[in-house]
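I've put the structures underneath this note.
Each of the next two complexes has chain A plus one other chain: chain B in the first, chain C in the second.
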Partner chain A sequence: MSLKPKLGLIEKFAEGIGLIPKLNFEDGKIEPMNDPGDLSNYPPPEKWDDWVEYEPTKWSRKIKRHYTIVPTSCFNCESGCGLLSYVDKETGEVRKFEGNPYHPASRGRICAKGPATINQIKDPDRILHPMRRVGKRGAGKWERVSWDVVLDEIAAKIRKAIKEERNNEITYHVGRPGHEGFMDRVLQAWGVDGHNSHTNVCSAGARTGFALWDGFDRKMPDFANAEFILMISAHLESGHYFNPHAQRIIESKNSGTKIAVMDIRLSNTASRADHWMATYPGTEAAVLLAMAKIILDEGLYNEAYLRNWINWAAWLEADHPKTEISFENFILKLKEEYAEYTPEFAEQESGVTTQAVVDVARQIGRAGSRFSSINWRSASSGNLGGWQIARCLQFLNVLTGSLGTKGGSLPSSWNKYSPKMPNPPPPQKYWNELHFPKEYPLAHFEMSFLLPHFLKEGRGKIDVYFTRVFNPVWTFPDGFSWIEALRDTEKIGLHAALTPTWNETAYFADYVLPMGHASERHDIISYETHAGKWIAFRQPVLREVARRNGKAVKYTYETNPGEVWEEDEFWIELSWRIDPDGSLGIRDYFISPYRPGEKMTVDEYYQYIFERVPGLPEAAEKEGLTPLDYMRRFGAFEMEKEVLELHNKVLTEQQLYESLS
Partner chain B sequence: MFRPLKKSFNLKKESKIDTDIKQTARRVYDAPNKGILWDWEVAGYIFTKAIAAGIIAFPFLFQMTGLVKVADSVLFTVAISSLLFLGLTGILLIKDLDQPKRFLYVLLRPNWTSWLVKGGYTITAFGGLVTLWCVLKYFDFPIIADLIVWPILILSVLLAIYTAFLFGQAKGRDFWQSPLLSLHMLLHSVVGGSAALLAASMFLPALMPLVPLLKEILIWSLLIQLLSFAAEFLSSHPTEDANKAAHMITHGTFRTAFWGGVVLLGNAIPLLLLIGKLRIAGCSRGLSFWY
Partner chain C sequence: MVDWKWPEHRLPGYIKSHIHTDGIESEKGEFPLVPTFRLPTLIHSRSGNAKWLAEISNRNPLWMHTSDADRLGFKNDDLLRVNTEIGYFIVKVWVTESMRPGVVACSHHIGRWRRPQDPVANRWATNSVEILEIESGKWKMNVLDGIQATEGEDSDLSRIFWRDGGVHQNITHAVHPDPISGMHCWHQKVRLEKAHPGDRHGDLFVDTEQSFQVYKDWLANSRPAPGPDGLRRPLWFKRPLKPVMEKFYLK
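Moving on, here comes the complex of A and B:
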């Protein structure tokens, strides 16, 4: 259809004699877009210090607003996408959040929850001051207390427990950590085995399946370079790092990559699939095994990879001791092993047609080392034995030789940076059976959902219980058992809920401690989002603005709304007060790496880390900045663009030695 | 403060999609600037347009029908005055546009279904013919000049009432969907034209022969106008929004301007004065249009 409009006589004549400009639809040039300003996709960093936009609420009066733009990281899911906060220079108010185009993972494209951070920081119902329970726990009565009181009271209790060697009575229970390693360091410094998580109601099943293969419990599919992608469950909209992954998956699809999805729901993910396999829940493994059979039978496996990287000889020796050890025999026996998993069997089990199973299997085989797969997460977490689904899925990557390759699935830790922290404490010497009970030796994460039952059984008690981004009363199965345990002050001596907003679990706390949202706190973030490796900074933006304006800020709550604080500073302060005289040895781990004997500041902590990120000091120097200032200014740094085929790298003696230690 | 960035900074990443978007991006709409309520320019141009049409129509009509013998100098004066008011109308119309720079588009990229365009052409044709009439008169071609008087008269009626059709096309403005609107517009012109001429007669003795007839016309048109107000504001409107707008005028924000300015000062008092045979009809001019 032609978009070219038919011009009337008058218009033709007027254009002809130049009274009005010619509309040239052919080359798309209508009129220069010089009103309200040249269209730019996003503000370039050199203008972040003074970015001018028209005031949207006065639309369209063209009233100019000057913003200082401060990068931070979203905290509304595990992706940790880069955000830019627009702070009005006149009023000092955070006006909005947009994507940070210079963030290596999210590349400026964020989901709706990112910009919605503005609703969270302006939520009229948020908690603005530390609150202490009045009356019975769970009675819903509170009084406002100062941070000083909170720190002193909690510190005294922890100190007492540690001094009495009740180290296992201190628990930190977290849902979404949102940072790299800070809390592990704190708990180790205290010498407690106090970490508990939500993972066993979420990803632990799938993690187990992967970990049993190669020790890496998550995979980082290099979607961007894949030729064929198989996703189990609804990864595009609900997986970890879903947004950074989703944009790469869709880019791949747009350039010809085919996608298969196993999900009983016509999820957003399934809706983008070229092959949607609506498997009956929990039967995914049957389909995967049938695909493995097809790949084996039709010779689509990657022989070189299998020869090199599979302990096929050991398997033959163990399971078929009478068979001569040769690769050919290995394949032969493997085929026999999988003979029963026919496509017809898969159809019977899963409801996916034989034809679809064969079709997808062949495409996976043909994609070879460029086959990416992911299982996030319902198939594994929602079904008994779900860990086998992840295990079977990885088998396809093994057969096609697509582990660690470009376009394949990479071990997660290849693409994730572990920060080097100042003065790391030694691992704790305690084993907390409330978290890892002995009768579950294969538990891949804490048996967190059993915690209230263990308490009820009298297996132990918790003297100080921190919950953070964690609301088991609402989100865990059996919420009422949590209420019972939380109500019982004999079982849980003190409960401090670290949360920006009220929730059902905080209701049963002794202290409700308001902690900042994405733009009100410090964290570092590094996730496996693509084949590169990066690190990003979450920072309290108003504190950063104060710094830019030359105002001294000691604690983040000075610039946050009310007295909303952040965990980093809270833990440093708390640790310092747990060990006021240094006799417990805890203080040592919270001493400034730059000012001997003095308390570490949050700035010094991050300064230390950023100074040790490979390549960052050099990049910062080019900009005339310190590494910390570089991160304050740009919010993220990509240290490597491609981390691939590490398994093919020959290690030096030194590296071999280090890998053992 | 930031130190200025060195050139070497090269974090910028652009995917193919970014580049495509940039290449093809073009603005396809303009941000409307005018707000919800029409500004003074709209009321102003209805005012000037009513006079432009009315001021020429009566003398020309009287002359052509032989009702009154009108001097050539009077005809000439009203034609020039009409052109002046028409010019003012044009300026206000252009000023009212969101993109005044593009006013020529209205005529030169015409959308023939719009009364903005048809009205624009009406104004242009009317102005053109009046100018032509002046030229013909000036160079003494009376017969040809007389020939175009009737078209001028027809166009003056169209000039007076086309705004009613234009407002009618503004479908979201319920109050202006009234079937009485073209009558209102016509009355504006009749009142405006006759009142302006009566006021001018105080300074231009040549207009005196027209005064008795003009007075009668003004009295009757004011009466009908008051009745039409009654019809408009005492009856119920077909939609709730139209009712609300009417209520706003008679009881709300605009009630003082309406009752005091339009009804009392603009219509009732002039009417009483006229009936009382007092020759200050000119005061009815001006305030009759503000609602």
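Moving on, here comes the complex of A and C:
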């Protein structure tokens, strides 16, 4: 490939009359900067401290820019892909975000929303100072206020509620979660049952269906090793963890894996499928059960797996007490149970042809333990009884024996790391019925979207309500009921919106508190994106640059724009102020694990966690780094490449005991 | 499931959805609306501050199959009134072959708004709207202006070429709590008609008294705790922020 681009006519002309500087392509005088020869997509880490590129906005002038490259993690969807931030060494400005090739899930590839992080941090309308409402709530009048005032006022209100045992009146309602476990720690330190979420407008259906099988409320399909993949949704372009998953699905497809997709739209995903099944919404379970029937009738099931892992004897005993208990009778009765789900019935309900149902069912049966499936939101979140869709989908994995296997679907917690935190607080002594009301004992999880109706019915009130990256007025159904609840100060005493940017819910807050974007705060991330197990770091990029330059930084807001804080430091500081003399026992959980009696810093918090990640201290030592410095430098660490077949591992006495207790 | 009063669902089974064809009168313009699909280029409600993303995706028309459009006499870009259980929204139709006949769909993310009194923000993606409470619980949102090119510290503000701003559909949806999973069942049964005189793209109306009634109707289908031993919830189910054990039991 030639490294000398040819000049166009216009460029030649412009060069000739001196309109633009001499481009010098033709005689090869433009200096190749980064070792031409092997094309490389990513700067190698040994050059991250001083990476040189031409200034892209004035490229023809050949101005060299020196960058320091700092890894962090994207926050624009749940995948948490690895980003590399390019910080101009001269101006200290973040110039762009690209993928981090050392991130085990995203492997350097990111979607359009990753690089757009630069838009968000440079957004001309972003909130730079804490704001307090003036006049009536929702009236649109605001004044600037200091962080000190904010922290003292909120802390005093929370302190009062806790002292009066109104712990259930404190709620933290989160949209896009993040800082894995940190918030649970804060809420339990306060002794409140105050976690509310977005789960029940998102994945409650799928979670319930999966959990009913084995207690694992989500599954991690090992797409990379699958022989047949069934996706209920436009998973390639917009599913949960779609970017890390899509890479692996397409790799699989390129090596011959067949794909079936149920989707009402000819989405990007459906267009890449071998079988597009445009099921009428909500009829997916009928189709899946017809497939189960075919697998049963044609003997394509995995007998050894079923014998071992299904409580078939218990079912026969309960539902068919007169039948002799044997595996053969189990199969017989199961066939009877599903006899009505013929492919013709599936066609009548869903519109998918009988032939397609049979065809896909057989391929699933033949793929056996290498059958991967996914349904996360989509059909399970659209329909009454949608949880049965996920349950029926997993039925196919059970019949084919493809749970926990290479190329099958794995329980998500196998591939997700739970960090060990310093001094965990005990469970709270409260049950908040605004979140977990009696009517929904099986819900996964908080009945978040009914909150305005619960308040309207007088089931309770909220004294302090935090919304964080959460915009129910806009995202949730029935937003006007949210507006009615939020504008009523009798129902919601104080509303603090933690958000980097204005939104429809923040308009109805008392305090709007600007928090950092992806590259302006700390966090840890570990998700079930593939058969491995990894942990990644989200770090405030300019704080890390300051550290590399030898500048002492105590708080992240020192390097953030305006007076933008990060959540971790906000919660530590707020907790400290709720318990000024330590009498509530809250301070105990925010004491440094390294400096007895002193307030914990975020550096210490992450240092503590990273020192306990299996394999990380050793990997760091090889680089001559501490575990924390390793994560600051590389941004991610893979602790295991493949976690498979754990169900077939024989436990020691000790492990068995621990799993029971 | 037997322990928790749902013996009929003890095995994997098929439950007819609330938008099953049994309850849809298509000759009256009724459809199931799938309002959930995501665009790969937008974040749920957090991309209004990302100019590159707003430039790529800035419309959320109603997807409809050609055969349905022909049957009902709708053309591309016709303005429709989409009637939900609790109100309506006004949207443009996009007639396409890439859609299952008999179903309509509308992506979320788009239809962000700000009122004249609100701080200027998310100018890449927000309509200016007025919100009127016509009488108690009856809410009308009117679009005053779509997205506008404007002056500002980012010179790209003056280069905004898109005007649409879309429609905020979720606000016209009633809550549908599934009695078992607690999931909000997103799909909506809607009735389509041509927009009325005076309807503008993005306008909408909601009656919250009606939405409260729909909430009550769905709530009535639940089968409350206690389960066995007075439990609020199966002990083996996950629960964020698990409280102390004794709180799992109803006294």
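Brief remarks on what is shown
By definition in this document, the second predicted complex is superposed on the first by the 623 of 661 C-alpha atoms of A that agree within 3 Å, B and C clash if a C-alpha of one lies under 4 Å from a C-alpha of the other, contacts with A are read in each partner's own complex, and residues count from 1 in each chain.
As a convention for this text, contacts are C-beta pairs under 8 Å (C-beta built on N, C-alpha and C of every residue); 3 or more make two chains touch, one makes a residue touch a chain.
Since we're looking at a predicted model, the values are computed, not measured.
When the two complexes are superposed, the chain touching more residues of chain A, out of chain B and chain C, is C.
Of the two partner chains placed by the overlay, only chain C lies in contact with A:N503; chain B stays clear of it. Of the two partner chains placed by the overlay, only chain B lies in contact with A:Y102; chain C stays clear of it. Touch criterion not met for A:I259: it reaches neither chain B nor chain C.
With both structures placed on the common chain, the touch criterion links A:G624 to chain B but leaves chain C unconnected. Of the two partner chains placed by superposition, only chain B is touched by A:P45; chain C is not.
Once the two complexes are overlaid on the shared chain, A:R633 sits against chain B while remaining clear of chain C.
Touch criterion met: A:W59 reaches chain B, while chain C stays clear of it. Of all residues in chain B, only 1-6, 8-9, 11-13, 15, 17-18, 21-22, 24-27, 31-33, 104-105, 107-110 touch chain A in the complex they form.
Those residues of chain C that touch chain A in the shared complex are 1-2, 4, 9-21, 32, 34, 36-53, 56, 63, 86, 97-100, 102-103, 105, 108, 112-115, 117-123, 137, 139, 152-154, 157, 168, 170-171, 173-187, 206, 208, 211-212, 215, 219, 222, 224-227, 231-234, 236-244, 247-248, 250.
Residue ranges on chain A touching chain C, taken from their complex, read 76-77, 111-113, 115-116, 119-120, 122-127, 139-142, 175-176, 184, 187-188, 193-195, 197, 200-201, 204-205, 207-209, 211-212, 215, 217, 234, 237-238, 242, 264-268, 278, 280-283, 285-286, 289, 292, 318-319, 337, 341, 349, 351, 377-378, 380-388, 391-392, 394-395, 426-431, 436, 438-447, 449-450, 453, 456, 469, 471, 473-481, 483-484, 500-504, 507. Taken together, the chain A residues at the contact with chain B in this complex read 8, 10-11, 14, 19-20, 28-31, 33, 36, 39, 41, 44-46, 48-49, 59-61, 101-102, 104, 107, 251, 548, 622-625, 633-634.
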